[in-house]
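Two complexes come next, and they have one chain in common, subunit A, joined by subunit B in the first and subunit C in the second.
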Partner chain A sequence: MPKPIRRLIGLLGLLTIVSMVTFGAMNFLGDPLFNILGPVAADVDNPESLKVIEEAKAQYHLDKSLPERWARWAWDFVRGDFGVQFSSSGQPPVSDLIKERLPRTLELMAVAQIIAVSIAIPWSVLAASRANRRTDKISTITAFAFVSIPSFAMAVILFYFFSVQWDLLPDTYTATDPFWGISHDHRLIQLILPGFTLGLGSAAAYQRLLRTDLITTLQQDFILMAKSKGVSKRRVLYSHALRPSLFSMITLLAINIGFMIGGSLVVEQFFRIPGIGSAVVEATLREDFPVVLAIVMIVSAGFMVFNYIADYLYTLIDPRVRHEDTSKPRKITSMGM
Partner chain B sequence: MNEEQEINADEVKNDSQASEEETSISDSTQLEVSEFADKKTLGFGFWLATFWLVLISFLAVFSPILPFKDADKNYIAYEQKENPLTGKVQERPVQPPYAPSGEHWLGTDQDARDILSRTIEGARISLAVGALTALFGMVVGGTLGMIAGYFKGTLDKIIGAIFLVVLSFPGLILAILIVALLDRSLLTISVTLGILGVSPIGRLARAQTLSFSEREFVMAAETLGAKKSRILIKELLPNVLIPMSTLAMLVIAVAIVSEGTLAFLGLSVQNSATWGKLILTGSGLSTLESSPWVAFVPMGFLFLTVASFNYLSDRIRDYFDVRDIFVTRD
Partner chain C sequence: MLHETSEADNILELSDYRVGFRTERGLAKAVDGVSLSLQRGSTLAIVGESGSGKTVLNRGIMGLLGANIIEGGSAKFQGEELANTSRQKFWGTKMAMIFQDPMTSLNPVMKVGKQVSEPLRLHQGMSKKEARDRTVELFTLVGIPEPMKRFSEYPHQLSGGMRQRVMISIALAIEPDILIADEPTTSLDVTVQKYILDLLVDVQSKSNMSMIIITHDLGVARGRSDEIMVMYGGRIMEKAPSESVFVEMKHPYTEALLSSIPRLSDPKHTRLTPIEGFPPDIVDGPQGCKFAARCKYAQDICLTSTPEETIIDTHTYFCHFPVGTDAGAEAFKSNKDRGFTAAGLRIKSKREVV
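For the complex of A and B:
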């Protein structure tokens, strides 16, 4: 079987296991019935409430065995039906909730990644072109510091300076506002603070990687060749050296989308953005399992898919990779937060 | 959140160091220390970071017997002021929060509690979370990883699969799920975060064990008839420990940050001050406006601690040349 297909099957298997573990853990550790009915669920002595309990059990298939319920859920899930919320009303269906909230998180991620990349590239080029000189040393220390600032701390810092002290940017997010536009009533502007919160740390992480790769590239013969042909320094840096140096950064970019989802939980909570990050937090606290399960699946799947894409992006940047083994170990470690 | 993602960024420090590292890769770590100790230095930053961590740990451990102010007491200040109702000059309480002063070095919060004492109090919990998390990750991950790396075969495949599954969970969501469903005790939070540390540490331990188990000294011990447990503990563990502890330092940093994240989601350790909770209390709009130090003091402590752990890990990794083993994705 060709390698890409084999990997794809592996990913699907992994997703299945993730869903099983989450499904099992949630039913094992929590009490879904209680969240649907409230205190009535514990009142088993009263025949009237017993009837309600039985009805609810039948309605939510809670009277079936765990594997059967999982299979039922999985079958619905692959057809795009994520079930009903475990709340007293059960409305809106989980699929609708996700459809409403996922785009907001994606917008935030997109803004954050654009900010991160557009800071990281000029920053690393600047540092690499002055490698080991003062500018580079200062920028290395700065990058290190930025990487060590947690997203919640960054949120407080940016909020304090740009919203409280200088009153430049809005601190509120209104989901109904239009996206494009440059006033405080447009979500593009409202996403700047959350975007920078997520983006600055990532920018620093990208910078550290890209700078190293750029320095390595700049020592190669074709750069010397370009320089001796009289190509301008700027052109050498941006169009000759940058492209072959982007490898590790693209991997990190893909992996980082997974991390950003983690970071976005807290950023969405802090800036009150009703995306899937805040949805999963609310749902967990309410023990609304179908919502949690759906979001866990989306996030895990997204994480895996972006990793998968990263591998194939390589071939776009460097055609030579097509003929090499793309499965060679990469230099990046991750810790899954 | 991002500090653990790039590993070999500072690779190209300078040319001489780089070539030196290349020559030393084939030697065992033990040999390397004695041979290159005079050439490689850990640097000023290393000692600065170590100093900070020793200081903060000392303060955290001994805070009950050190002359700090009571973290939970309200130190209301009084001043001679005219009572607006009676018009008499008398002792009247001053509205807290108080700015940093000789009395309260780093100010007080809105309940007139001393920020310095509270931050030190928070260090106790935050550092405990970090240490317990790393300990759990090292014991469980290290054991599993070494077993997988040494015995290979089916066992390796099973353990590898477990690591892969844990790694493919969105970590933070898993953490809030467990913490929300169980309880918010120090132990639950640490073990939950520890589970997330098991996979990276375990994979590192496996890779290290795998490469060392082919080496002459292990084969010699095997030929001499040493028991497997002896080989694992006496021959392999010392070689796995240093790279593992550099990763454990990152795990501590990540755990401290994650505790803060959990605090911001309302899920941190119950009934005690942690850095995350302290920052959260100070980060409301009105508090930030009137008394930014309430949030920024614990934040500064947290930042220095996290940065120190990151930096130490970085330096030690460079010093012992373990970065090549940090390949955890395959």
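For the complex of A and C:
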């Protein structure tokens, strides 16, 4: 079977399992009827209320068995109907909610990753070219500091200095502002502080991996060869050593993007960005099954898609992967998904 | 020295050149007092087993050893003392190097054409197109078939021999004054070795560059060099014009090296004679002659006193009991009669052989 089809089947299988597990887990959280009907849901002794409850149960299929409910949900889901929210109004439909919120999170993630990678690469090159010397040791300590500062603390620190003290960057996010532009009234600028909050930790993590791989690459004979050709030190680092050293970083990058889609809630809350992260928190607390399920599915699919992209990037970086030269050892195999 | 020549003719001039590595145990003297001079357009072969210091010597000259070393003595390149100058300025213009393994010495993620044209663009101010044309020309010169197609291929798509030809193209692109070939054929198939070596000698003779070939195989050096220098334990053992090393070798180590190589003229089932023992410790080395512990000629004096340089005509060697002299013959005979040398090495009788 061709590889893309094998992978598609893998993706579908994984999404099925994830949705089943989430569906089952959500069921233990509590009774969603309370959010749909309000206090009436608890008033089971009153025949009037009981009737309303029974009607609602039938309407939302809550009277059916768990597997049947899952099957109904899945059937709607594959046809693009994500259902209604479990709230008194049920509006807007879940698909509209996702359409509204997902782009904001993706924008934040893109800004954060661009910041992370553009910091990590020169930082790693600097550290690797001075491996085990003072610059490298200081940079290692800095990296561990960045990794270990929790994002809410990082958010407070950045917010305090860049927004409160120096008044350089906006701290409020306005979903209705245009994206492209360089004034405080553009979302691109409004995302810089949240982007750094998410990006600095990632940059530090990428730096740890890329530095190590660069040091390994710099000990290869072809680096000596490049030097003896009279290639400048800078050029040796950036055009000879960097590319073959990117594998581990890209692997982590792909995983990290997946995490960020679902895990940026602290930053979204702090900077008041109404994205997916905050939506999933709100929905979980409300026992809003359809919203949680939809987001979980998007995050899982996102993980897989970005891992495919990473696999594709490997082939761009290393022609040996592209030509499927199985006789030669290669640095890393795909993540198997 | 081959002939009495003026210093200007010598492209490389080493005198008592030393390279040491700082280690936890102390200074590892990888090159321990080497003197030589290389004339413009001539070829020197440096022969020795692993750990003899031949690679360190050459990387030391190139300045490719990193920061953890101590250099001593004098090394002059084109009359310029290398210790006082940044060797980087010679890289890619006056000095070039060919490495042992063309698989690991070519960047696996860069097209080979780009790797050859890189020095052309960086140092000879060529445009992308000029560099490309020159590269294709060089590929043709070194015998790479379909040079246009090969230009945009990656190293893993080429065979070992082709890769080494690419390496030679890089060296030729640089048009260096000195080319150092560090075991250029060791990792290649025997059938390809001869082609590559002959190609090297051919381009060297056409371009009037000087060349140093490093090898552990005396056979490689034979006929392809003007002078052969045999190294052991970081020191010169013997240095002589190429043919006289084979005809009238003076050092027991050279003799031992030669008899460890199989020859077609030998009768069938002739046992090769390995050199017993291991190279000496270069941090805390032995007194006297470095080779004494493994030498069949070794006498008491060899263990205590380092032999002086003996120069006969163009032949230089460092040995108390040289091969082919009365002193040497006597030393060997007395050791053979005893059954062991002054260093305690057992001498097997030839009759033990199958």
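The working rule: the second predicted complex is superposed on the first by the 306 of 337 C-alpha atoms of A that agree within 3 Å, B and C clash if a C-alpha of one lies under 4 Å from a C-alpha of the other, contacts with A are read in each partner's own complex, and residues count from 1 in each chain.
The rule is simple: contacts are C-beta pairs under 8 Å (C-beta built on N, C-alpha and C of every residue); 3 or more make two chains touch, one makes a residue touch a chain.
Just so it is clear, the structure is predicted and the values come from calculations on it, not from any experiment.
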- Query: Looking at the overlay, what does A:240 touch: subunit B (first), subunit C (second), both, or neither?
  - Reply: second
- Message: With both complexes overlaid on chain A, does A:215 touch subunit B (first), subunit C (second), both or neither?
- Response: first
- Does the superposition put A:201 against subunit B (first), subunit C (second), both, or neither? first
- Item | First, second, both or neither for A:17, with subunit B first and subunit C second | first
- Item | Which superposed partner A:129 touches (first subunit B, second subunit C, both, neither) | neither
- Message: Is A:152 touching anything from subunit B or subunit C once the two structures are fitted on A? First, second, both or neither.
- Response: first
- Most subunit A residues touched (candidates subunit B, subunit C): B
- Query: Which holds for A:225: it touches subunit B only (first), subunit C only (second), both, or neither?
  - Reply: second
- Note on the structure: Contacts of subunit A common to subunit B and subunit C in the A-superposed view none
- Message: Could you list, by residue number, the parts of subunit A that touch subunit B in their complex?
- Response: 14-15, 17-18, 21-22, 25-26, 29-30, 131-132, 140, 144-145, 147-153, 155-157, 159-160, 164, 171, 201-202, 204-205, 208-209, 211-212, 215-216, 248, 252, 255-256, 258-259, 261-263, 265-266, 269-270, 280-281, 284-285, 287, 292, 295-296, 299-300, 303-304, 327, 329-337
- Message: Please output the residues of subunit A touching subunit C within their complex, sorted ascending.
- Response: 220-222, 224-232, 235, 239-240, 243-244, 317-320, 323, 325, 328
- Message: Taking the touch rule as given, give the residues of subunit C at its contact with subunit A in the complex, in rising order.
- Response: 62, 64, 88, 91-93, 95-97, 99-101, 104-110, 118-119, 122-123, 154, 156-157, 167, 170, 174
- Note on the structure: Note: in the complex, subunit B contacts subunit A through residues 1-14, 164-174, 176-178, 180-182, 196-197, 199-200, 204, 247, 250-251, 253-254, 257-258, 260-261, 263-266, 276, 279-280, 282-283, 285, 288-289, 292, 295-296, 299, 302-303, 306-307, 310-311, 326-330
